[in-house]
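Chains: A, B, C and D, in written order; residue numbering restarts at 1 for each.
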Amino acid sequence: PEETARYALLLGDDCLILAQRLGHWISRAPELEEDIALGNIALDLLGHARFLLTYAGSAWGKSEDDLAYFRSEEEFRSCRLVEQENGDFAQTIARQLLFSFYTHELYQRLIHSADSTLSAIADKALKEVDYHQDHAAQWLLRLGGGTEESSRRMQNGLEAVWPYLEELFADVEPTAELSKNDIAVLPSSLRENVLTRLTAIIEQAGLRVPDAKGALGADRSGRFSEHRGFILAEMQVLARQHPGATW
Amino acid sequence: RVGWEHFQQLMEEDKRVEPRDWMPEQYRKTLVRQVSQHAHSEIIGMQPEGNWISRAPSLKRKSVLMAKVQDEAGHGLYLYSAAETLGTSRDEMYQQLYTGKAKYSSIFNYPARTWADVGAIGWLVDGAAITNQVPLCRASYGPYGRAMVRVCKEESFHQRQGWEILYTLSHGTEEQKQMAQDAVDRTYGPALQMFGPPDGDSPNSQQSMAWNIKRFSNDDLRQRFVDMIVPQAEALGLTLPDPELKWNEERGHYDYADLDWDEFFSVVKGNGPLNHQRLAHYRAARDNGAWVREAAAAYAAKQADATRGSALLSA
Amino acid sequence: PEETARYALLLGDDCLILAQRLGHWISRAPELEEDIALGNIALDLLGHARFLLTYAGSAWGKSEDDLAYFRSEEEFRSCRLVEQENGDFAQTIARQLLFSFYTHELYQRLIHSADSTLSAIADKALKEVDYHQDHAAQWLLRLGGGTEESSRRMQNGLEAVWPYLEELFADVEPTAELSKNDIAVLPSSLRENVLTRLTAIIEQAGLRVPDAKGALGADRSGRFSEHRGFILAEMQVLARQHPGATW
Amino acid sequence: RVGWEHFQQLMEEDKRVEPRDWMPEQYRKTLVRQVSQHAHSEIIGMQPEGNWISRAPSLKRKSVLMAKVQDEAGHGLYLYSAAETLGTSRDEMYQQLYTGKAKYSSIFNYPARTWADVGAIGWLVDGAAITNQVPLCRASYGPYGRAMVRVCKEESFHQRQGWEILYTLSHGTEEQKQMAQDAVDRTYGPALQMFGPPDGDSPNSQQSMAWNIKRFSNDDLRQRFVDMIVPQAEALGLTLPDPELKWNEERGHYDYADLDWDEFFSVVKGNGPLNHQRLAHYRAARDNGAWVREAAAAYAAKQADATRGSALLSA
């Protein structure tokens, strides 16, 4: 259960950090409908994070808020993809595209987890990720096939996030070990399907699949990124000013 | 003449005017102004609370706050749609807000300074909004009234959430309680001013009431609001910052002190703490999103062409 | 001395927050020479802040770092002008213009303070502010008289910061009281000269003096702004994670 | 032929080549590439440390760090100027960096993850830079050699500051000491790789040495650096992350383990942790500043016209 908790935490951190990043778009999106759409996706992701962190915390007698607000930068296990800056709308869409295609594949498989809680969380999340995937893909097509500027920006967006795709498929622990008992999904086993589907949609949008290799440091440790500290400084500031308080 | 008589009859029978009905030009103008201002207020109103999404002190509060700010975007959409039925396009209304020609509720020119302001905005600002809006559900213009029904339902939920935030704070640590009290001190006056100037200084109110858009005067609504929040404040264990506030047995209402109307008019004129910031934030979002909107339009046009093309081929 | 300390703190906070804002430009300026110039100005301001905070802290047995890193948002006394976002280069220049013209006038007068430490600090700072003033004025002229775009941006920059000019001339305490003993300079007494000089240079640049009145809330309390919390969250995060540590 | 003989003579006598002197095209190309790469490294090198300016944990450290990053911009300026004397404009060099055509020191593709990295960069990265650069003060090309003299003076100051940061941390709390050790663990390998590939894999070194640009081989400089930092690490109370590191009495040098050259070449090729981020940061700064540079140029042109105009009038 300790291992399972660490796995749930890793999955939950991805959702939490991405929700934090996306939340910034609310009141800043290109169109009112997108304030709502990105807000919805952020809310869904925050929901997934809460399920996963709550489940993880149950192994240690900690609440979701203990884990979200009182862990240090070193203790988070988010991947670098979700930590990347929003950039322009195209870069945000590129990040969404990669993450939603990855989680869609992941949750589809995690439904069959031997751990019934993880299976239930995956089941609930999958329906929502379906929409996230569609949202990102539709915008990819629109921006890829819109104007010259939008196509250029969308390509740049893909280039910006692509180096952080491989980390999603790295067989880190405890995931690799847990996959032997069918509790977790082995990350490397997701790679082919995700890449095939990403390649297809990117080509359909008239864009190039970036040729960037995975950026060095695919271990979710935070050692290979400069963003996490800034994200947490802002997210945790109020909670940490009032340790022990109820909100 | 037929149109005019029909309109008069609708007014007399207190029935709904619908987009297809003839209506006096001034009625149309008044409504477009009011409904679009209301929509703009929802849009600008996203900013003060949005400011706290990234720092909300618990995941539950973060989630509730995100949903709330998103609801405000939704309200903006309903209201712009209602205004569009009067023949003014959304882009035109956006442009009026962008250029600073259009107004929005002046209270959003004040900052959400601490987390407790998120609570105070929910309790007092949404509370005042509901008091104002419940009668608007019966506004004579059908699409507006119906939009208000949806808005009111969600707003009362928001008010409740704001009250809960303050309740938790006022029952928390000393610092939290102080934070809550400070926020209420800051928000109380501007919230009471949301009903607009005193009846004597509100020249358009009469006509709006004659047209069954407005149902009660500014001061009546303000009184109703004060009467509502006094017991709520007591339940919160917080003080409303008006030493003259007391029950008047004779009137059956709470008496309250005069508000600072000089400040109010000064903020309306652009000299509030954040008027410039609010508009700059809105403009930056529009400017940064221009290329996206262009791309979406270009893509839609290409798709439409393709569809027409294939329709011709299969014809 | 308690009052004098509070005055020094107020002056110091302005310099500290502006240094913090300006520091962000280093590695992001339009030209290498400007990375250096803005860095120099930020360094000067940080220097002034350190003198002033050290002097203020001496009244309470506190160090400059105690005051910079362990005061809360409510305890800072910075004006809103310096808290405004960098915006584009023009907005940063507009902010520099107002602040340097104000401090130039202020320090010129503070040299004659009855408090010998404040007088010495003002004397040292004045020489540097001379350069800050010149830097801002030169850019104002260049951008005002450069291209159509630069002139439009420079005007927008002025509009963005102008509402926060009046706060600099508000006779807040303890300043007003201390000015009676010639320790402090009465803020309102600076207004006419600063405005006259600003008007002259703005007109020389072919731009309009904004007609915005002072934004409500000129009391340096922080109650009327949303920026200070974000600034401090980032500035203080590391120091606060290690209370009592030496660096 | 005269030019060639003169150049040969300068080489033989180990004297300086100056911009006005004839020089072989390949010598010029080699120097432009080396000097501009060096300049680019200073520019991109501002980013990892710049990342900590806003969060430096004391005002004194903030001040020292700001000054240091600013010095790097200054070094960039000297070096671009030196390269310009070889006939390549600054804009052209900027463009090569912008498009990703030009290289810069690969170590800046690693993040400055904690405050301790600021110390480790100062001690190890600037330390390696100095070891590399001190001999370059005698480089045969005059402007380059003179620029290096100025750079080296400041770099040794920076190295000292980095060492002090680490010393303070390693004598601080347990957490601080751990932070320092982690940073050294991360930085050691990439810092040793700053001298370039092993001599066997460095085909251009021979020619550079023949031209009196380079004075020592990569491995010689690396050895010199290792010999320097081992006692410094001991003084810091920190461990260098190489279990094979030990004094070799016979050689009179420290032995050290092979470095991970696969990683090195992979990072050079673009697959380091932050290659994309570093370039994107640089590009954003250039893009956002384009209108400013245009405005400055337009203004200067107008001023020049006005001056010419008044010169004509007074003539």
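Keep in mind that, in the parts below, a residue touches a chain if its C-beta (ideal position, glycine included) is under 8 Å from a C-beta of that chain, and two chains touch if they have at least 3 such contacts.
Quick caveat, the model's predicted, so the values are computed rather than measured.
Using the contact threshold fixed earlier, the set of chains in contact with both chain B and chain C is A. Comparing chain pairs A-D and A-B by the number of C-beta pairs in contact, the larger count belongs to A-B. Chain centres here are Cα averages; for chain A and chain C they lie 40 Å apart. Annotation: 34 Å between the Cα-based centres of chain A and chain B. Taking each chain's centre as the average of its CA atoms, chain B and chain D sit 57 Å apart. For chain C, residues that reach two or more other chains under the stated contact definition are 229, 233-234, 237.
Multi-chain contact residues of chain B (touching two or more other chains): 55. Chain contact topology: the protein chains form a pattern that is neither a line, a ring, a star nor a complete graph. In the complex of the two chains, the chain B residues touching chain C come out as 48, 51, 55, 110-114, 186, 263, 266-267, 269-277, 280. Contact residues on chain D toward chain C in their complex (touch as defined above): 43, 46-47, 50, 53-63, 66-67, 69-70, 73-74, 76-77, 80, 115, 165, 168-169, 172-173, 175-176, 281, 284-285, 288-299, 302. On the side of chain C, the complex with chain A involves touching residues 72, 229-230, 233-234, 237, 240-241. Of all residues in chain C, those touching chain B in their complex are 159-160, 163, 212-217, 222-226, 229, 233.
Against chain D, the residues of chain C that register as touching in their complex are 16, 20, 23-24, 26-36, 39-40, 42-43, 46-47, 49-50, 53, 64-65, 68-69, 88-89, 141-143, 145-147, 149-150, 153, 234-235, 237-239, 242, 245-247.
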